[in-house]
Amino acid sequence: MAFFQSPPELGNTYDDDPLLQSFLARELPAEVLTEIQPELREMGELSGGELYRLKLADRLEEPVFTPFDPWGNRIDHIALTPLWERAKRLAAEKGLVATAYERRHGRFSRLHQLALVHLFEPSSDVYSCPLAMTDGAARTLLSSGNAALVVHAVPRLTSRDPAHMWTSGQWMTERTGGSDVGLSETVAKRDGDVWRLHGTKWFTSAASSEMTLTLARPEGNGPGGAGLALFYLETRDAAGRPNALTVNRLKDKLGTRKLPTGEIDLQGTLALPVAGLDGGVRAITPLLNVTRLWNSVAAVAGMRRAAMLARSYAARRVAFGGPLSGKPLHEETLRDVEAVTAGAFLLTFRVAALLGKSEANEIGEDEALLLRVLTPLAKLLTARQAVAVASEVLESFGGAGYVEDTGLPVLLRDAQVLPIWEGTTNVLSLDLLRALSGKDL
Amino acid sequence: MAFFQSPPELGNTYDDDPLLQSFLARELPAEVLTEIQPELREMGELSGGELYRLKLADRLEEPVFTPFDPWGNRIDHIALTPLWERAKRLAAEKGLVATAYERRHGRFSRLHQLALVHLFEPSSDVYSCPLAMTDGAARTLLSSGNAALVVHAVPRLTSRDPAHMWTSGQWMTERTGGSDVGLSETVAKRDGDVWRLHGTKWFTSAASSEMTLTLARPEGNGPGGAGLALFYLETRDAAGRPNALTVNRLKDKLGTRKLPTGEIDLQGTLALPVAGLDGGVRAITPLLNVTRLWNSVAAVAGMRRAAMLARSYAARRVAFGGPLSGKPLHEETLRDVEAVTAGAFLLTFRVAALLGKSEANEIGEDEALLLRVLTPLAKLLTARQAVAVASEVLESFGGAGYVEDTGLPVLLRDAQVLPIWEGTTNVLSLDLLRALSGKDL
Amino acid sequence: MAFFQSPPELGNTYDDDPLLQSFLARELPAEVLTEIQPELREMGELSGGELYRLKLADRLEEPVFTPFDPWGNRIDHIALTPLWERAKRLAAEKGLVATAYERRHGRFSRLHQLALVHLFEPSSDVYSCPLAMTDGAARTLLSSGNAALVVHAVPRLTSRDPAHMWTSGQWMTERTGGSDVGLSETVAKRDGDVWRLHGTKWFTSAASSEMTLTLARPEGNGPGGAGLALFYLETRDAAGRPNALTVNRLKDKLGTRKLPTGEIDLQGTLALPVAGLDGGVRAITPLLNVTRLWNSVAAVAGMRRAAMLARSYAARRVAFGGPLSGKPLHEETLRDVEAVTAGAFLLTFRVAALLGKSEANEIGEDEALLLRVLTPLAKLLTARQAVAVASEVLESFGGAGYVEDTGLPVLLRDAQVLPIWEGTTNVLSLDLLRALSGKDL
Amino acid sequence: MAFFQSPPELGNTYDDDPLLQSFLARELPAEVLTEIQPELREMGELSGGELYRLKLADRLEEPVFTPFDPWGNRIDHIALTPLWERAKRLAAEKGLVATAYERRHGRFSRLHQLALVHLFEPSSDVYSCPLAMTDGAARTLLSSGNAALVVHAVPRLTSRDPAHMWTSGQWMTERTGGSDVGLSETVAKRDGDVWRLHGTKWFTSAASSEMTLTLARPEGNGPGGAGLALFYLETRDAAGRPNALTVNRLKDKLGTRKLPTGEIDLQGTLALPVAGLDGGVRAITPLLNVTRLWNSVAAVAGMRRAAMLARSYAARRVAFGGPLSGKPLHEETLRDVEAVTAGAFLLTFRVAALLGKSEANEIGEDEALLLRVLTPLAKLLTARQAVAVASEVLESFGGAGYVEDTGLPVLLRDAQVLPIWEGTTNVLSLDLLRALSGKDL
């Protein structure tokens, strides 16, 4: 009888995560934990069960971009994968954005929300990306003081009704660059009461979002970041037609392949200023703080998933007379992975706790500084760790870690976006120095 | 006028590699260097020019596996990519294996050969893999003392005639494992004067090779590695029909996607013992020493390529008022990459020099020990470095490093095979300890 | 404002089919028509609405065949397209097979059933094919007198519960041929109480079916058709593992691409004789009579759909000062198409009426002869007409008829299977002659 | 020993075509035949040998359209298939256009040319299409009296040097229609000495051509065909950049899939009037006469190829005790196919002979009328015959005729373009009536 290796398996990823459990037990009042634990357990069940199986079955599906219909009409249709369709419904129903804004548990609401995200993320095929931007957009609109947009869009972004909920994009990067956003070439022209944008956005995560925040330079403004304004736009009009924009193509990326990242041409796209006609870079800062924290959560969640799979496999794989988990060197490798993961988790959820306090207006001055400093620090650190851990875990599977249908290589491919998106290590290092020097506070 | 970033460019990769040049100037007698420099310069020109352009143009091509012809005959045809077809011809003509066996420059022949490989590798879409195994097979047959096979196969493996040259596979890994090869399930049954193999080989690099070396357990032998024998087989008969074997499928790998790695069923495959009816694991050791060195060369060559591209891009990409190459943090990142690359190069080519001496019978006892120890050490170290460097370089390109059509992500995808193939870090660590303890000498 | 052509549209395809309505009004007692009309109208609504839209949206989906799981287990998994999954449920719920066996309306039950099929078929992506074979298998088992199999399988084949319903394959063709089935090479070996089949079936429509009928030669039987027996087998065991058979590949066909047609190797497949150990060709005749009638219905339904689309387009497309529908030559073309379709419909549903009578044991001797003669005649005639009509209709759309995303070319690609499957024109001509000569009655 | 069917085979398709040989022997002076026969034989050898094998091997290759380079530049690159690259070189070297213009054999030159095309076409994957348009463009430019364009472009179109030869497109069809070209929406705006075209061409065969002829309405002209002018444009400038046009997408066609047919947006495309600022429909008539004759030749050549394959297969396929070729019904089917083919051949080459006379100014008035009448008649008749013959031949192969990797279904898919391109049956019927009524002479 020929030998066949049994694959790694996942159980309920909440029940199997003592670190998460002990952290929450320490941080949350008992009654809060009691109240939210069923949600966490349910999400752990989904993530280790149905969603994980769907992710494996869905492996070869990718979003399909159709620029034209059969009769020549420009439609720029993007069909999402089955898992993304499922994740979209779940994200609304489970309140993966809403929880932070409903604030049922006051300053603990960010811990509540991001614990759910931590469980959801690694079985979601990076659906966390549009959610991060949606969260960031809601925070930014609320911070902007633009009452009309707050009333119009925030209820959509924070809805629990899949039919009503919107996700938001975040279109900043142009061909001139993502880090030095001051080089942006997009121009905003006044057209009566509204504005029309002209330019090309070079990386638009979630080209399928219903709205987006973006930067453009109102005609007549000076060069550099100071002359940019923050704009709000909806990607389609009420009839579903593109808002004077075309998707040139979807990016052919190393990872996050279920996420339709587009290159988008703005050809007179109708848009509204969010917070005045300049200072856009400053106005979008709340978004970046939120998305960078999500980036850290995604890094931690990915490491945790990789560690769980490696641990499961080590118990099932036999070599030299026993399971790998009994080999000292292999055991040391796994413990290294787990230790790095634990450190990253604790740092990231410290930032989450601080953000929750800040949003509940219960933060002191020192903690506010700490939040400011730890946000980029956690992002840059955990992102790099996520790549290293993914590579290490792939190696721990031997050849199986290099073969796509095991579902393992995607761990590395998806991780590599983390040190790039929303600020590379060097860019964030400079931001950190700026924060420490007190220059931008 | 809209801005478009100019891409990184390569020149002659020999002329642009002062480290390689200074190393060779130091190691080689002047007349040897003078004699081989035109070959190196020509290879540098190909690698930075024609082959690099072809690699970019060839990006979406993959080997196509056709198990059956239209009329139902099992054919297991594997069509290679255009770059692989070109690389196959070049490899013969430029003597990428032959150089080490012709030994025109005595103990310097390995340096000669592997300097060529160093230049060729990063524009070859991992054609280095079949060449490494071919080199290893030639070395193993020569070490085996099997005169009939030496006469029959070695001239093919070391030929400079593309029409005559064979490549060899190396089929060791089974579903039971690659590291603990003693668990192998393949059985060899005597059939008159020949042997017939029955089993499944789970990772067969270069399923398109004309011959292979493999392990099987002659009927009646005991379990474990001791009961395995080393066999030689040709994949097709004189009429081009499969030798009682079928390719179940090609592996869907993270990287090295131009390399057709197969799962192969042996269904009575005709084979010949290479060196007796047991002791196969020991008999294949010469192959592993050669392929591990090639692995180090590939790691170094990949890092060198990544560094060159990053350096070129940094000079062309402008942010915050000047090229990236003028930013202190970016510069530090590049220098780190280059320093790691240089160290890896020097270690690897030290091993190459020692192997050359050994093959020329000019090695002393201490140096032989050093060769034994450094071979696994260089492999395990450089493989990990190659992954880290590739990840760092991708990040240094920002979003462009995450988009496949720039040709950058393949650097990481291809690098990740290096710590897995021919012994993971932990397996080689144990091998190193064994060597240091003197137990297997 | 640039011009964009509006596409052809469908309404309720029952309401828009006066020929079907008038025929049924003439053939059916009023109370029967009253009772079944809601079902027909509902199916017409589905076919012109939801299913048609899904068929267009589903255009690029194809069944995905996965021979091995990631860990090397042979699984031969075939994932169906979304429309097929929907059609499978609908077919059970709407009783597309069951209606003929429940016989709620006595001898009118075949008209009832096939009117539903006529409406369903052209929006089903040829899901009619497994249903035809399922119907034929139920008829064949009932005719066989094999009580055990009747009790075991017929309730599955005629179920209205999607979770319970089985479809059947029909595996006759081998590499030696489909027409001269007597050349079949498949051998049946007795293994205790059961039989084991060895051979290769070359065209197995609906490789995804739960059971099949097939021919094999019991060991010791003579050559030719006389030595073949009819066997029943289930494709998987209770645990879902393949029944000692492998799918070599799916056919890469001109059309019917949603239908997974396989080449299947029988490697000791467990099977049961249906009706003795010879005479298999005769025993399978009931199946062929049913599937040939389905073939005629599919031909007619396809022509009707093509005609509807052409008519709709002609009313919307303007050239030379008015809609195409006002141009005499174009009008003549459409009327030709419709006349051919009407003739084919009347012939085919005459056969359906006769089959209904026969199954209700209300058929006279002359009508039985007529049924025997008209079955192959209708099949051969309508199949050819279907190809000619599809080609004519494509031409009537001009260039749009040659472009796949309009959903038009599939009409021709799917039609071309009709004169080939279940007997080519020449084979059926000979069958017809045999019938007329009285030789096989 | 299991049975495997041997596939149909081709020999030298000139040697195996007695109809072509006898026709040429009758029509050509002996010395002409002697002179050209080696070319014909060589082309027959290529067509039945190397090109046919390449066509089968090339089956899955399709042109690849890349709208943007990795850095965002619009490039609209179209990579051709290997067979097309080969056909492009051959077409120049063998003078498949040039022969008609060099007129080495006076009025027999069209027979000479089109006999070569007849042999070349069925192994060329429809490379005949760009050649037909190139021939038509050369004829049109010569007829136009535009000396500058004749000097500039005709030597390119009729070159025998692959590096120098251009092919031409023919861009007439817009979304408004192909038959009623008077509805064209493309506008030509004067820009100093040149013109700029704005509009969308909906079917542009051979989007990869170097030049094209097209229709546009100079600003200020009236509606309808009378207001259109014929323009010449080159698709790229001297630096290889698109001439202010973008390829929106390649058509996803039923057949002719190696031919990159595009939808092209003209966005100020630089163009020159060929023959004044109106009367474009009349000015392009010479092109249509040439391409319609090529369409007939392609129809005949396709039928001839289909018949050859069917004949070869019938001799090799055994059923009911003997080869199919011995079965009366099958034999009758093949003879019908061959008879239709022969009639179509004779009609088509009659037109070719007349065109040759006309171009040599050796045609009488009656023959000129005959040429005028037979050109559309041959086109409409042979195109329909080609579809019917392809369908019949597919059926004659049974299931093998429905499976793409046999290379058979492409016969039908490619044939179906013939009644659509360059005038459907109805459009040509009206043209024929117009000719017979003497109205447009």
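Lettered A, B, C and D in written order, each chain numbered from 1.
We adopt the following convention: a residue touches a chain if its C-beta (ideal position, glycine included) is under 8 Å from a C-beta of that chain, and two chains touch if they have at least 3 such contacts.
Only a predicted model underlies this, so the values are computations on that prediction, with no experimental measurement involved.
Traced through touching neighbours, the fewest hops from chain A to chain C number 1. When chain centres are defined as mean Cα coordinates, D lies farthest from chain A.
As a whole-number value, the distance joining the C-alpha centres of chain B and chain D reads 48 Å. The geometric centre of chain C is 38 Å away from that of chain D, both derived from CA atoms.
Centroids of chain A and chain D (each the mean of its C-alpha atoms) stand 53 Å apart.
Residues of chain D in contact with two or more other chains: 4-5, 71-72, 175, 200, 202, 403, 405. Against chain C, in their complex, chain A makes its touches with residues 4-7, 60, 64, 69-73, 400, 403, 405-407.
Partner chain B is touched in their complex by these residues of chain A: 2-5, 173-180, 183, 185, 200, 202-203, 251-255, 317, 319-320, 327, 329-330, 333, 387-388, 391, 394-396, 398-399, 401-405, 409, 412-413, 416-417, 419-420, 424-426, 429-430. Across the complex, chain B is touched by residues 67-68, 71-72, 175, 200, 202, 248-249, 263 of chain C.
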